[in-house]
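Two complexes follow with subunit A in common, the first pairing it with subunit B and the second with subunit C.
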Partner chain A sequence: MPVPAIWTEGLEKHFGSVHALRGVDLEVASGEFFGLLGPNGAGKSTLINILAGLTRASAGHARICGHDVLTDYRRSRQALGVVPQEIVFDPFFSVREILRIQAGYFGLKGPENDRWREELLAALMLEDKADANMRALSGGMKRRVLIAQALVHRPQVVILDEPTAGVDVELRASLWVFIRRLHAEGHTIVLTTHYLEEAEALCDRIAILKDGRIAALDRKQALLRRAVHKTLTVTTAEVMRSVPPGLQDKVKKVAEHCVELSLHKGVDSIPGILETLRTAGYTIVDLATEEADLEEVFLELTQGRP
Partner chain B sequence: MIFVIARRELRNLFLSPLAWIVLGIVQLIMGFLFLSHVNLFLQVEPRLPMIHNAPGLTGLIAAPTLGNAAVLMLLIAPIITMRVVAEERRNHTLTLLYTAPVSRLTIVLGKYLGVLAFFLLIVALTVLMPLSLLVGGHLDLGMLACGTLGLVLLIMSFAAVGLFMSTLTTHPTLAAISTFGVLFLFWIIDWAGRSHGTAGSVVAYLSALNHYEPFLRGLFDTSALSYYLFVTAAFLGLSVRRLDADRVGA
Partner chain C sequence: MIGFRTLLYKEVLRFYKVFLQTILAPIITALLYLVVFSSTFKGRPDILPGVSYLAFLVPGLMMMSMIQNAFANSSSSLIQSKIAGNLIFILLSPLSTFEFFLAFIGAAVVRAFLVALGIYVAAIVFVAMPMRHPVYLVLFALFGSGALGALGIIAGIWSERFDQLAGFQNFVVVPLSFLSGVFYSLRSLPPIWQTLSKMNPLLYMIDGFRYGFFGLSDVSPLASLGIVIAFFAVISILALALVARGYRLRN
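And then the complex of A and B:
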């Protein structure tokens, strides 16, 4: 079996009385596009910090490409690039200088590395700002510099902690393209985001972290199939005055000629519901069903909704 | 790797106005002090031949100039070292260094060498003043070299203390004040030592000033040398420990 890109076992982290991670076992295969989701405070950044060597786990082990993050930290860090959640920067340096210094920390020099950094600047559309001072960049530009910084040493594994937070629509699209390209070139990508449609569009496999535990971990399609609810929208000829008593607990939304119902898969049958509506005197004009999206699965799993 | 970090540190110093201001002020004050020593020398010069074993240019101008420089170092060391770690921690840029495959020791040594390079520049500029007397006079170069070595050792230990204080906090000003406090204590501890017996001599041993004086008189004192090297190593070691603690905690 090939060495997994990321491997953790029984990771725990205490911050004083806060139990941020409660036993996280995770395995991300080499070349995967992995999504790490979870509500605020779930422990995503804590997990990432442990992998990056910024925080020491209270218990458990973690490896990047087979290298332990503590005992073999040089090689594990060579293999890993992390784009931090917070925007951090040295105010006095220019973008090019910052990248050169960062490459220096990895012991990289020579024309080949210079070329790679120029490529990064081009790919992230930073060329015209390359000699500008970090202070003079907008938030979105600073974030792109952080991405470039995480990639100067061409790491096998790239972790992006909310790279698209506070980034405009156009830029977000171009970041997606860039991240997809990295993935196509063979990098393992771990993406944290609060935009679930982003995770749905990009990731192969998704883990949902909740209160320091992995609440779900599966392929995206399997996770979507896990949704127990789907939405049924019924349009009626008559104005919807009152929803029949048997359906009231399923109502999501009522409009003049239209009712949106949330169905429990395997329990509620669509013909049965239509029958109830007809009995109540409504003429059905149209109906549509919609499968749950990741957002609903996410809410079901993180809020413990039935 | 150490030199990448050191160069970045030095460059960071010169990208901010602080280093230039310090450099300018130090040169101004040292120039003034140097000239007043020269002036004093010119006043006493006619009487010197009458004194047996009279001090020369080196003893009357170079040594006091270097002595003054030490006091000035006490004032600027906190200012130059305060930002080294504290500011990076405050900006969270320390994380970029922490995620790179460099050890804590490398980080500490790199940053230390960076600020030390700045101090060495100041020492060099200071020593140039007495050296300029070579144009028209005769200097005891051995004595001057010895004094310079003393000043370098002194500033090595000051920089290590300042670096350590900077690793303790996220506020550069706090680091500066505590560095100044510690250095000043090391400086004046000598006074406390003078009056009391053996306990006093132990305390006096700790004094940074006590170990500096022999160098100014042209005496190469190995115990003083080991004192400064020990202080430097101790505070650098403490800094490494402190950075390690960063990772354990937050």
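And then the complex of A and C:
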């Protein structure tokens, strides 16, 4: 059986009286594009920090590519690249110096590594700023340097903690092209993001953390099927003066000739709803259904939203 | 080894990039002390037989500057990296506790040696400085600045704010370095102050370093060297323990 890229068992973390992680068991297969979602304070960053060796777990074990993050930290860190959430940088150095130094920490030098760093600079569109001091870069460029720093040692596993927070649309798109390329080249990618459409578009499997526990962990499609609601949009020939009483608790939006209803799967029947509308004197012109997206699943799981 | 060498290089490059502040400024400060004190005490009887007061001051000022700059280097680098958040790049790397420790004190020692060399070169323009025991000179400089580099690691890790570090520097390191016989001989003090001064490990660094130049000292140089090495060992063990535990570094 192949060694998982990430493996944790019973991970617990206490910060004083705060119980940040409550027994997290997780396995991410090699080569996966994995999403780690959850509201603020759910424990995502704590989990990432434990995997990276930045925080010590109160209990449990964690391994990167089979290497324990505590007892075999040298090899686990060699296998892991982390793009931190905060934009942090060393103001003393230029981009090129920063990358050379970071590679050196991992014991890397020589022409092959020099070429890889130049490739990274080119792929992340940092060539023009390679000799500029970090202080002179824009926020988006600093973010790209953080990604380059995480990749200088060609880690098998790359964790991106909110990589597109505060990044403009164009840069975000170019970052995703680059990250998809890394994934296609065989890297395991773990992504945390608040942009759920990004996770929906990119990730094969998704874990949703809530209050330090894994509230859901499944393939993306299976997770989407868990949604208990879907949307029915009905267009009527008549102006929608008032929604019939039996449907009022399902209304999401009403327009002149249109009503948008939230249906509970397995409870509400579309023919029954259409019949209610016809009985109220409306002629159905068109109808459309839309399955829940990841955002709705996320809200149902994390906030218990009906 | 590449990891350690890279961190050492980065730490040296960090202070080199601001050498006006980290190298030149302490040299100028030491030379100002030299000018002011040697003018003030001109004509005063020699403290050590056959050694002018100006010459007497030079090793003390060299060692005091080494002590202060070694401490400042490791402590300021650590606290700046902690507060700016860029320490994460070192913590994410596979560097060991010992490599981390050795690179930080290595850079502290390099800065201390450069400052001391600058003071020496400027001083010999004005006063002849013999070098009777160069091995002692190197050993006291190495272990003295190494110990303060290690103390800087402890202070940098312990401090969570710049004012806490400034407190450590202003209320511990500076008083101990000034009250360690830079400007006077231990024998010139009243007995109670002699006893208190002997509890200051920095005194042995300066006295031993001075022995390296003149072959004369208040305390036996071997005893001083033993005390300085023991101090270095104790502080280093403490610093290594903090780094290994990840105290205030790895939450």
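Here is the rule we use: the second predicted complex is superposed on the first by the 305 of 306 C-alpha atoms of A that agree within 3 Å, B and C clash if a C-alpha of one lies under 4 Å from a C-alpha of the other, contacts with A are read in each partner's own complex, and residues count from 1 in each chain.
Heads up, the rule we're going with is that a contact is a pair of C-beta atoms (placed from the backbone, for glycine too) under 8 Å apart; a residue touches a chain by one contact, two chains touch by 3 or more.
Worth saying up front: this structure is predicted, and the values here are computed from it rather than measured.
Colleague: In the superposition on subunit A, see if there is space for subunit B and subunit C together, and answer fit or clash.
Modeller: These partners clash in the superposed model.
Colleague: Under the stated touch criterion, which partner chain does A:43 make contact with: subunit B (first), subunit C (second), both, or neither?
Modeller: The answer is neither, since A:43 touches no partner chain.
Colleague: Regarding the shared-chain residue A:155, is it in contact with subunit B (first), subunit C (second), both, or neither?
Modeller: neither
Colleague: Touch check for A:104: first (subunit B), second (subunit C), both, or neither?
Modeller: Touch status of A:104: both partners.
Colleague: Return the residues of subunit A at which the contacts from subunit B and from subunit C coincide.
Modeller: Common to the two interfaces on subunit A: residues 15, 52-56, 73-75, 77-78, 80, 82, 84, 86, 88-93, 97, 101-102, 104-107, 149.
Colleague: Sort out for me which residues of subunit B touch subunit A in the complex.
Modeller: Residue list for subunit B touching subunit A: 1, 4-5, 8, 11-12, 15-16, 88, 91-93, 95-102, 247-248, 250.
Colleague: Which bits of subunit A are touching subunit C when the two form their complex?
Modeller: 15, 49, 52-56, 73-75, 77-78, 80, 82, 84, 86, 88-93, 97, 101-102, 104-109, 149
Colleague: For the complex, give me every residue of subunit A touching subunit B.
Modeller: Result: residues 15, 52-56, 73-75, 77-78, 80, 82, 84, 86, 88-93, 97, 101-102, 104-107, 149 of subunit A touch subunit B.
Colleague: If you look only at subunit C, which of its residues touch subunit A in the complex?
Modeller: 1-3, 5-7, 9-10, 13-14, 17-18, 81, 84-86, 88-96, 246, 250-251
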